[in-house]
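First chain A sits with chain B, and in the next complex the same chain sits with chain C.
Showing the complex of A and B:
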């Protein structure tokens, strides 16, 4: 009666003896995969439409500006104001693509599967964040660079805007870091894509309107100092102010930004807050 | 109308954290009204500016987006709509019920706060509070209908809705006067302009265009959404 009833058969599974790439390679692979995901590469055609449409919209002013330089020999569009000018498009890209990075993994509860590999939670968040930063940089830097190359080739009867171009590149990095941390932190709070898009865009539209209304009213009431600070509520104006103070460029027309290190400190504080929120969110996702 | 579907939808929209997405903007609007009142900016131009930029220009489309798509799109996204659609309830009735829920949320979270905020700022002067509340009511109903239809038709409903609100109404409407005729925001302003006597509000679209357009948009969207729901196929996400 007490004879063994189960037998383990050798069906020929083999061990993997090759090299193992480890933590860094895992994080880089995740970064590349996420960056491709933000533009819908490797996904269905439908998920490519939106990012490429928005990228096309970002290129539009550049094309027009090059045409104006070539045909009318006039000044190119301002490099340093480009992000402020195109802010709705950038915000829509951020809102539409942030949930693409974070929502599916949260919804299908697969983060423990990532962590069963050498990748840690900091690597995971870092890779997602770096992917969003890189995607935003592509969105911002490509049009600026194309216009700069155009300006060099057209040979206008005025000096090149090299300093403005370089300052705009610095501003693009600041924009990308700030927006990516806020976007991912907000989008990670819900596992549903639609709600993620809504919360990121709600944040942007709220800051846009709040900064406009507050500044307008405070200025008309004579509180000039408070008005110049309240305009920084809008993240694009905040970056523009830091850019102007840091690189000594002209701020966007008609905006009286506060000078000194204040805006830069606000920017750092906002990024730190967003990253803390993001980290706390994933700690909670793991505990649940 | 189906009360069970309505109560489930209310619970999905207002349960736990979800309600904050709807509540934060009206709270901010009222906070701004209090702040401006406090610093002594309680005059007509400030009130009209706050109402136009914040209440009608930002809060209304955003809440319309969240309420209109929120009553149906998440359920389609994660496939749980199948449980609702397999019940012996006519799908146009499901669509109509969910739309009524969205419209009622607009009333609670946008029309009433709009009135309260304007009242805090200037009381009933020049009929600004009543005018903007009425405009918000009609525009809220229209926004909810359009975004509800989008939520049924497309998986990228929120993104498309945002592009409409920000790029069409905001950017293109700012430069191309013709585009303003097809902007729900402008229709709201022309209704508000009818009621208020304030000189600070100038509407761009005639009321004789805005009201029929609104009616067509609402009825058309809800009927079309009901028809779309009858032939909805659930396919995998991406």
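Showing the complex of A and C:
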């Protein structure tokens, strides 16, 4: 056996009299920690695969679009339709990563440790929600921005799509808020990660199918007005409708969305409902 | 110095009364909170942390009111829950750093203190491995570390020796004692095992059904009693009979004899009886009361 080359001196317990930050700093730290978690940063290699694969998939159309602009001097891919076009990828990201944010703390009962500290349950939920919103924004805004920068650099024979780009950024914010609220609310109802993933995916599939089937049936029956509302069952179409009404952009696929404030009110109502559910879920966890 | 105090504290849930007019006061050092499961220990901690409002009465922790100043209290208090509360896929270091930041420590300080604290609770190289692979003893140490990392003034420990083997218990209790003395952090430690508290506490509070049964310094509870234990090799019955004849109060307890000391003559009588009966005296000791006796 080799002799120890150094000696560890026990310097005893040291007290801390440095600064103690408040609840705000704690919430921000939790936000950063959670946001990193949604992309698997600071976690195992395995947890990085899924988010980065999906981010890569989101970038693919952008790369192709830039190539088309540069080589064929053609119009770039539509900014405002991008989220609708990429909805399966976004939905999978939401389903895969929402449980990552909420399930482990519920399953392993870590929440009491947070609550015994300055952060409150509202800070906790807020930080998790903000982390998911930021993650979805990264997923949506980065490809759009890269394409816009590409469009600026490549000298196209047509004017820049600045208005569409900005409208799409607005739409991205709406998408991120709506999807994050729904995703976290659904995922928080089970402490099991697998079930969380399944429930978010099932919800998306359901809205996708319900929107298509109901709209088809209503249209064939001649209820055009009702059909235009039933499309909005799909959250991506709902956001696209609000985006079209709010920024005056073209609806995706020329869909006949209802005009006016209706879709925006539905969006607000869904977000409010999801957040109420999320809060109620954690109130219950708190009392237990 | 009073660390925390309650005044007629009452907590009623729709079906049960968890705390009933509880008035206690806890000073610096290590204080034990004893009670059977469901006696109201956890409810008391939740109220003191400001997480649950009291139905009636009031409380103070470090001079602050949990009902209105819960946040300030939580900044200078550490809490180690009874149940498992650790994510298995993170290392102890990562987890404790994160918890330190949640307590309001800046990033670099959080790292330094997490490393320090884990060393103090006795986690070595294994602190870089995921918690999922830890033994119960190691997990308890991580739970303790996260409660200590922000250098609280008071720490609430809920059944810290739960699930530990005898050696693990000893080590945990030694740690609790060190926290109260060497670290200078006041400790409120809950347990339903009295023998454990006897070893580490300066003061013990006994509650039952949400009511205060007793609150006293450990010395009062375990002071020398007027009973001596006598053990002889053979002929315990003969000795007991002889002593009873001479008017002493004795009780046979297994292989030993409990003798009430009336006065100094009792010792002489015992000595004479042993000599007369030609017995081999093995043990003669003054008995100390145990906290368990409080419940008798």
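Just so it is clear, the second predicted complex is superposed on the first by the 274 of 288 C-alpha atoms of A that agree within 3 Å, B and C clash if a C-alpha of one lies under 4 Å from a C-alpha of the other, contacts with A are read in each partner's own complex, and residues count from 1 in each chain.
Methods note: a residue touches a chain if its C-beta (ideal position, glycine included) is under 8 Å from a C-beta of that chain, and two chains touch if they have at least 3 such contacts.
Quantities reported herein were computed from a predicted structural model and do not represent experimental measurements.
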item: Which of chain B and chain C A:44 touches, first, second, both or neither; value: both
item: Touched partner set for A:92, first chain B, second chain C, both or neither; value: first
item: First (chain B), second (chain C), both or neither touched by A:210; value: first
item: Overlapping contact positions on chain A, where the chain C interface meets the chain B interface; value: 43-44
item: Touch list for chain A against partner chain C, complex; value: 12-16, 18-23, 25-26, 29-30, 33, 42-44, 104-105, 108-110, 112-120, 286
item: Chain B to chain A touching residues, read off their complex; value: 17-18, 21, 24-25, 28, 32, 36, 39-41, 45-46, 49-50, 53-54, 57-59, 61-62, 65-66, 69-70, 73-74, 77-78, 151, 155-159, 162-163, 165-167, 170-171, 238
item: Complex contact set, residues of chain A against chain B; value: 43-44, 46-47, 50, 88-89, 91-92, 95-96, 107, 189, 192-195, 197-199, 201-202, 205-206, 208-210, 212-214, 216-218, 220-221, 223
item: Chain C to chain A touching residues, read off their complex; value: 49, 51, 71, 74-75, 77-79, 81, 83-89, 94, 98-99, 101-107, 109, 113, 116, 120, 146, 150-151, 182-184
